[in-house]
Amino acid sequence: MKPINCVIEGVRSEAPLIRTFRLEKNLDPAPGQYVMIWIRGVDEVPMSFSGPDTITVQSVGEATSALFGLGAGSTVGLRGPLGNGFVLQGKRILLIGGGVGTAPLAFLGEQAKEAGCEVASLLGFRSKDDLIFQDRFESLGETIITTDDGSLGIHGRAAAGLKELNLYDWDQIYLCGPEMMMWDIISRTREHAQKTQACINRYFKCAAGICGSCCLDPDGIRVCVEGPVIMADRLLESEFGRYRRGPTGGKGPCRG
Amino acid sequence: MPSLSVHAGGLELSNPILLAAGILGTTGASLCRAAKAGAGGVVTKSLGSLPREGHPGPTIVQVECGLLNAMGLPNPSYKDFQDEIDKARACGVPVIASIFGSFAAEFSQIARSLKADAFELNLSCPHAEKYGSELGRYPDLVESVTGAVKASSNVPVWVKLTPNTADIVELGLAAQRGGADGVVAINTLKAMAIDIETGYPILGNRFGGLSGPAIKPVAVRCVYELASRLEIPVIGVGGIAAWEDAIEMIMAGATAVQVGTALQRGYGVFEEITTGIARYLERKSLTLEELRGLAGRRGS
Amino acid sequence: MPSLSVHAGGLELSNPILLAAGILGTTGASLCRAAKAGAGGVVTKSLGSLPREGHPGPTIVQVECGLLNAMGLPNPSYKDFQDEIDKARACGVPVIASIFGSFAAEFSQIARSLKADAFELNLSCPHAEKYGSELGRYPDLVESVTGAVKASSNVPVWVKLTPNTADIVELGLAAQRGGADGVVAINTLKAMAIDIETGYPILGNRFGGLSGPAIKPVAVRCVYELASRLEIPVIGVGGIAAWEDAIEMIMAGATAVQVGTALQRGYGVFEEITTGIARYLERKSLTLEELRGLAGRRGS
Amino acid sequence: MKPINCVIEGVRSEAPLIRTFRLEKNLDPAPGQYVMIWIRGVDEVPMSFSGPDTITVQSVGEATSALFGLGAGSTVGLRGPLGNGFVLQGKRILLIGGGVGTAPLAFLGEQAKEAGCEVASLLGFRSKDDLIFQDRFESLGETIITTDDGSLGIHGRAAAGLKELNLYDWDQIYLCGPEMMMWDIISRTREHAQKTQACINRYFKCAAGICGSCCLDPDGIRVCVEGPVIMADRLLESEFGRYRRGPTGGKGPCRG
């Protein structure tokens, strides 16, 4: 399908470089699914749903800053929802997020809560100023916050908050954030890997399972269609946390 | 079960259904996955001499009857790809390295440096400036590039041809004169799509290549024309999505068939197609050999 | 309702949606029916200098995403057609006579003898020996044929171009040099289909032309390329089946749009498309003028 | 759709130059509909159904004689059923046929009889030897036969049989045969034209309503898709009986 046209109904600033865009169209996404946002004349980039009709974007480069240039009433092209999304498992779920990666988790938590689950969250941010969705998470249940600079909550990386939690208490763990943060978590919680669903990023070009840009070593998982949510036990045996490919297809470091 | 093995353009294939260039061919792992899923051989993403990021997005648009793409030949350069090829080769099927350049010496430099089971010369990508069909539309350039690669490599060399031409047979004959071991037809048709809400061309590069069911009748015609005029084998590609399509392509004269866009449905297509062909041959009591070029024998 | 009238290549059209050549254009009555159904103009079946019966059947094959045809330019010759044109002209829309020949003088002989509102030179049919794209692939022939017809006729002359070429702009520029008042793009893509039960090429002529949705992205690209380089108007044709397609074609740069294969759904397509365009223009508060070539302005 | 492959299950000679071919496929046609028969390597030609899975062919030229060369077990390509077919109207119906044109009428009559209609037939043939489907028609009801040479039934053209019938007795009249025979009938029975459905022939090239080959003056009726069954009152105001176009599209006489 060609990209559909979509009016941006509203823009809300969440943090200095993070904004939520409310879309005119509710595409009925599952949490964890994403949409390809076409900023016309610029680029098309993947964005997770942070709600049924919202995406939450961090400005990091050309496409995202062009998106920040669009206000309410502007239009973008949409292709999606795409990918597999999280699968809700069990009654007690734990969300572990970092930075803008908390966005799909807030959406998931809200759906889970509505479905009667008990929800707790562990969220890591660089600093107090980068904090987003605090209210959304706190209204779901217990919320542990860490900041790298100690400006709020526990001082340290997200993993520093793990000690506040007994992971055996939780039926399923949902993870999303910068790759090194996720890697930090899953490599420290190996015994829970089979109940940990991680929403990961790779360089998506086609988002249609055909170009090979997003394939994960060593099994060649096409993250754009078989992911972006992947069980942590598969990630432990993959390139994840070690390297990732950029736009050329060449290997590079896992920044962030 | 009838045998599907075939000798195609200097390669021994356990079956004639190959992964097409640029489709899930960016990593050794994804190539290997195609091999394990039943491909008789795999072609890599086209490799150039320098890393390229490709065109801005959208890089694909789904249209009514196919796919438009303008990836823009992203690749880490051949220098950074031997490792991927080696991983793929370990999976037991021939690995054909697709390569591109903007002049003969660039092609032969790459061919000299890479180790693969065969080379496929991309003289046909319709949407990358200075590459692909910008050379491949000229028979003399097709011949000289082919000759240069043949001279600097001792594995089979296939030449992938563009259908964006008045006479693909001229191009095929040029490849043959250059010493090609086979030609591959077709690459995508140059095409575009426009967003009617805003007037923007949808592809980041404006122009792209059309693939999928839409182009099958064009591909079948090209393969038929080439097979009736060339002495070297023709590998058919374009819109093959089901075993019936592969049979049609083989009847048109294809020795092997590549599958691209249909991989959108997943890696299962290889087994679907090979099983379908085997059943067909059984039902008809025919060999692959007898099937090949049948349309040419009927049509004249 | 916004106005749909347009000045296209020397003709005043009440709307930009025309009946394409070879589609229900064999009789004055069928052309008139298209006019009454809302076509802004009609193009006749291509007329040659001698009666032709065309190719044996099958003359069409329905493929996944379009239609293959190899009618083979059947026509009673221009000598037996003035009466049909006159009947069609009585129905109130311009009648464009499509004509073909195998050399310039044959074209100009026909043009001198026929009375029509304009001529469309078929330099693009892909499946008739010695005609159509066998001439139309060569810019110098396109130019000389166009020049010859211009010299022997005082009505507008449009040149219908083939997409079976490496560079349709070269052909368009040649038509322009020859004095054409407009170019029409595109004719069908050369293609074929094979019966997999028996190996027979399905079309009686083996090769035919692919039309319909499959070719729309190729047609849009051709129109875009031509409109960005030519000074004369471009009439877009290829796969237009709905008003959205027509908008896309106009955004690509088409001054008028022809509809062929979609007539399979019946004559109602004209009104569907013109109503859809009018509503769109109203919703967007745009004129047809503003729409035309919008993609070119966005895309650069 | 591409032509489907179809085995000829049996061939039966009806008259010296007329044979019925039984097709392996029952395409569930309505009487009056036709199929494009592709005799591979030769041509594709229109043939009416003479039953749910049969066509009855007169050998007149290249394609039909090639078809006569095919025996049981041979295959042809099929495209159809195509066209509109007869519409069953009323309780008492009259079939008027000539030559091989009686074929679709036999099929129609059988369906009508099954639906409870009263059926009578008026059939014209050149001579006793050309007679086909006598049994089929006679088992439907009253059957009047004419022969041009008087070798059977009434001596004369089919129209000569009209005097045996009171056309006002019949709710609907169905007509199929050579054009001049049909013209003869409808021009003599003008007052019944509104209840006369005629199955006519034109030169079909595409049989898809697109090429224009079959269009009927002056309204441009596309006989291949809007026909081949056309009400006689429309025919009376058309080219029918006056001229018909051949393969070039040029006008020619209405032979036969």
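Which chain is which? They are A, B, C and D, in the order written, and residues in each are numbered from 1.
The definition used in the following text is that a contact is a pair of C-beta atoms (placed from the backbone, for glycine too) under 8 Å apart; a residue touches a chain by one contact, two chains touch by 3 or more.
These numbers were taken from a predicted model, which means no experiment stands behind them.
Visitor: Comparing centres built from CA atoms, which chain ends up most distant from chain C?
Guide: Taking each chain's C-alpha mean as its centre, the farthest from chain C is A.
Visitor: Roughly how many whole angstrom separate the Cα centroids of chain B and chain D?
Guide: Distance between chain centres: 51 Å.
Visitor: Between chain C and chain D, what is the gap in Å from one C-alpha centre to the other?
Guide: The answer is 36 Å.
Visitor: Centroid from C-alpha atoms only, then distance chain B to chain C, rounded to Å. What do you get?
Guide: 32
Visitor: What are the residues of chain B that contact at least two other chains?
Guide: Answer for chain B, listing residues that touch two or more other chains: 63, 193, 198, 200, 298.
Visitor: Chain D: which residues touch two or more other chains?
Guide: Chain D, residues with two or more chain partners: 40-41.
Visitor: Are the chains arranged, by touching, as a line, ring, star, complete graph, or other?
Guide: line
Visitor: If I apply the definition of touch given earlier, which pairs of chains qualify?
Guide: A-B, B-C, C-D
Visitor: Using the touch rule from the top, collect the residues of chain B that touch chain A in their complex.
Guide: Checking each residue of chain B against chain A gives 22-33, 45, 51-54, 56-63, 67, 69, 71, 74-77, 80, 193, 195, 197-198, 200, 202, 204, 260-261, 263-264, 266.
Visitor: For the complex, which residues does chain A have touching chain B?
Guide: Where chain A meets chain B, its residues are 1-3, 5, 36, 38, 40-45, 63, 75, 77, 79, 205-213, 215-220, 222, 245-251.
Visitor: Help me check something: in the complex, which residues belonging to chain B touch chain C?
Guide: 63-66, 68, 133, 137, 162, 164-167, 189-194, 196, 198-201, 206-207, 210, 213-218, 220-221, 224, 244, 247-248, 251-252, 280, 291, 294-295, 297-299
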